[in-house]
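The data blocks that follow each hold one structure.
Two complexes are shown next, each including chain A; its partner changes from chain B in the first to chain C in the second.
Here is the complex of A and B:
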């Protein structure tokens, strides 16, 4: 199954674009490549810069016409959202490079890097693990404040992520400082526009659950820092911001309570 | 001049040249249909990336038989545009009688490349300069680009890179 999809994508892209499989989810297959889809190859740069290719395979169990419409809708939905989000001041998301709506293929800027000493790809989950010997160090604190700010900016602008796990937050090392990490949000396949506190509360709850499940010993402090960064964004917007923040925090609390009850029962 | 191919579509080769101080735009316009080129007003293009993003889209459209204008070169102008209004795309991105900086795109089947003898500089009365970001940045008009691509008032790009990002998205998402 997996090899079949790789062959389809490789065939579509031609041998001129060698690809490496990164992840195969229910919805999309993700590859990396070193070849830009259309910029003339700059001989100095070749081999350095990576790009993400995200492909939504056809689902055989769906009617072909419906399948094509769904593929088109989701590919476009994610691309359109990324394009909008990119224009929001301060928000960090991957750049949209190309979009083939007919074939369900989008090209994105590759973000992040391998952490030192085989600590894995620099998503938030691995980043926190990498720091577990000194879990409350200043770099972790600053980074988590910034994670909170990113979510704050997203929510303040009435967008939600829809699947905000610690794998969907990528830490990008700042060009100017080895100890400075800038969190970027990725995978907006389930994201969208929403002004509902419920959707925002669920985003926060999903992230909290992710952190509790992988970093339980430190999760209280981690979530506190994230919420501190989150709140700062709202507090910058005066009384309106404070009011919205209060409503949101209240709902986050309720979502959390509901979640607890559910896990206690079953 | 840049000569390049798009990796996914190696059957075609692109030749892209840039001219300044052009004095015969009106003449070129009157014969535009006879030439196998796309002539583009460089005021509307801020980077190589913007132009190449549109050319990539031309080939995607061709791949799925969705070309909406009469040739690949005229499709370049449509593919630069943020909307699917062909007349408007031609008007915005095409030459005006007084255009001074001109981008010229030729799309040649790669197998015919050795036979290509068209000398673009004989058609254009102006000075050819390197087709690169530095020159495009100098020739482009950010206000015109802002207007064509209808940027949100809140979007205030700080650099050409940011303008490029916004226009590349618009090009990739047209009609969707």
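Here is the complex of A and C:
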């Protein structure tokens, strides 16, 4: 990890807020901290509750004009979106705590845990790898159906994610020791409001491709379960839902055909 | 277990010789590659360390006048006209007098590419094969680029950014396939640059992209950027909209359309933007998008090295930006090659074909030598690498 970026963030947050680096994603660096940005500290609880700080560092490779525009647009966009999504019934996203769009910094609620036996953080990617030995068990099936439902709820409410991959879905354990996992969608940096079938179709296509590339051996079944969960949400809404679903799936297949240099038969 | 030494070379030699024929676009490339037998290649994932020697690697490019692209028919004719001369020259350079004894395998591009040029090169390959009685191997063009890049730079398992006139893909290896993580949804980056060069009517020699790069270097006000659409869609990108937009700006500039307030000052009518500025902005915008999706793929597969291949990979600005990104990401490293191996060439087809040959994957019947315009990178089973 680049120490330079950590120093910049630590400098910005002042030493009063100790941070631990969690991951360096493509466009943001994620830290955890035990300090809440504005609530008074409860001395009994310190060390228990964790918060996420998501920082978008300045990207030196791109032109400063492009960089500033993108950082501000994406930080603010993500915060606004999260605030809206948090109000939707049934949808599970992290809670937004604070946002500083000029410095590209947002505070979020901490989600997820470590998977048993050193299997890494509980995102969908690690979760599926963790279940590799028995890839089609019921827990996996239930979880993937729920993943599909989450995306279904998102799309039904005319929101899109923009970067659905298996690392952007966090599995949260229902209760400690119980093998039930609730998927939460994270990282809405490329998300937005859209009622266009096109955007939703692309969303599903991106997810399908991510699943195929990281879990290739079992991807067919995985995608099928996700789509099953997705369809359930739309089917709940009667005839309008069915109609919209049909339209969406049609576009999804069209988007899939659009990739370049695909062998086409017939 | 990967064993690259199961098939022995002709006449009990201790090395393999492959002749590579490439002609999927406007370049006809002939390359001869030599692989010595190496005991390290009997096991393990060492296919990037074959100690390949390039005995010859020559290329002839079909160059069209400014403002024109290359048409399949004319390009195929160019390839047919030059192939015999180039093959003779390549054999002479490598010092071979008796091809049927000297060469182990002939490799040709099976696809993807333009139909007519591919076809004429396949015919050349068939002819040589029958003439000299040498087995044939059909190679995927993209795999050729990747394997040549790996061999030259010794990058073991990098994320590959493949950028050329016909392709824009971010690729990572997993379980015997080079999998595509992100790609363009419409036109390729090289195509986008070439078409813009056509609008500007700048020369196609040595290549349109190179001339745009040189123009961009001359840009006077680099701190002011012309705003262009930034169209990253998850791991994919789309470039046709950017091209249409910047094309319309260039046309307005040539026509002197004073109504366009981006290009001309409303009051004085003075020109605010030059061709150089347009080139600079286009490059900055397109490359920023490319680097972003590459970084996304790197984060996704947890890799810290990138290999840039393909014609656009020669662009120094792109390599520079990639190096900055990799430096900021965990001691990352960029591997890039120069124009000899970045731009389509015969040696890369020979390299990938020889790997295939050493794994026993040869054409059994001439019926299998058909070419295809659509041939995805992830369709090829990569037998020469470990899972």
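In this section, the second predicted complex is superposed on the first by the 238 of 266 C-alpha atoms of A that agree within 3 Å, B and C clash if a C-alpha of one lies under 4 Å from a C-alpha of the other, contacts with A are read in each partner's own complex, and residues count from 1 in each chain.
Keep this in mind: a contact is a pair of C-beta atoms (placed from the backbone, for glycine too) under 8 Å apart; a residue touches a chain by one contact, two chains touch by 3 or more.
Keep in mind the model is a prediction, meaning the values are calculated, not measured.
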* Asked: Where does A:70 make contact in the superposed view: on chain B (first), on chain C (second), on both, or on neither?
  -> second
* Asked: Where does A:40 make contact in the superposed view: on chain B (first), on chain C (second), on both, or on neither?
  -> first
* To do: Go through the superposed model and pick first if A:138 touches only chain B, second if only chain C, both, or neither.
  => neither
* Asked: Between chain B and chain C, which makes contact with more of the residues in chain A?
  -> C
* Asked: Between chain B (first) and chain C (second), which, if any, makes contact with A:167: first, second, both or neither?
  -> second
* Asked: First (chain B), second (chain C), both or neither: which does A:206 touch?
  -> second
* **Partner chain in contact with A:27 - chain B first, chain C second, else both or neither** => second
* **Contacts of A:80 with chain B and chain C, given as first, second, both or neither** => first
* Which residues would you name on chain A as touching chain B in one complex and chain C in the other? -> none
* Structure fact -> Per the touch rule, the chain A residues reaching chain B in their complex are 13-14, 16-17, 35-41, 76, 79-80, 82-83, 86-87, 89, 95-103
* Asked: Within the complex, which stretch of chain C touches chain A?
  -> 112, 167, 172, 174-175, 177, 179-181, 183-185, 188, 223-225, 227, 230, 232-236, 284-285, 288, 291-292, 295-296, 298-301, 321-322, 324-325, 327-330, 372-376, 379
* Which of the residues in chain B end up touching chain A in this complex? -> 2, 4, 6-8, 10, 48-49, 52-53, 55-56, 60, 63-64, 66, 151-152, 154-156, 165-166, 168-170, 172-173, 176
* Could you please specify the touching residues of chain A with respect to chain C in the complex? => 1-2, 4-5, 24-27, 57, 59-66, 70, 162-165, 167, 190, 202-203, 206, 209-210, 212-214, 216-217, 258-264
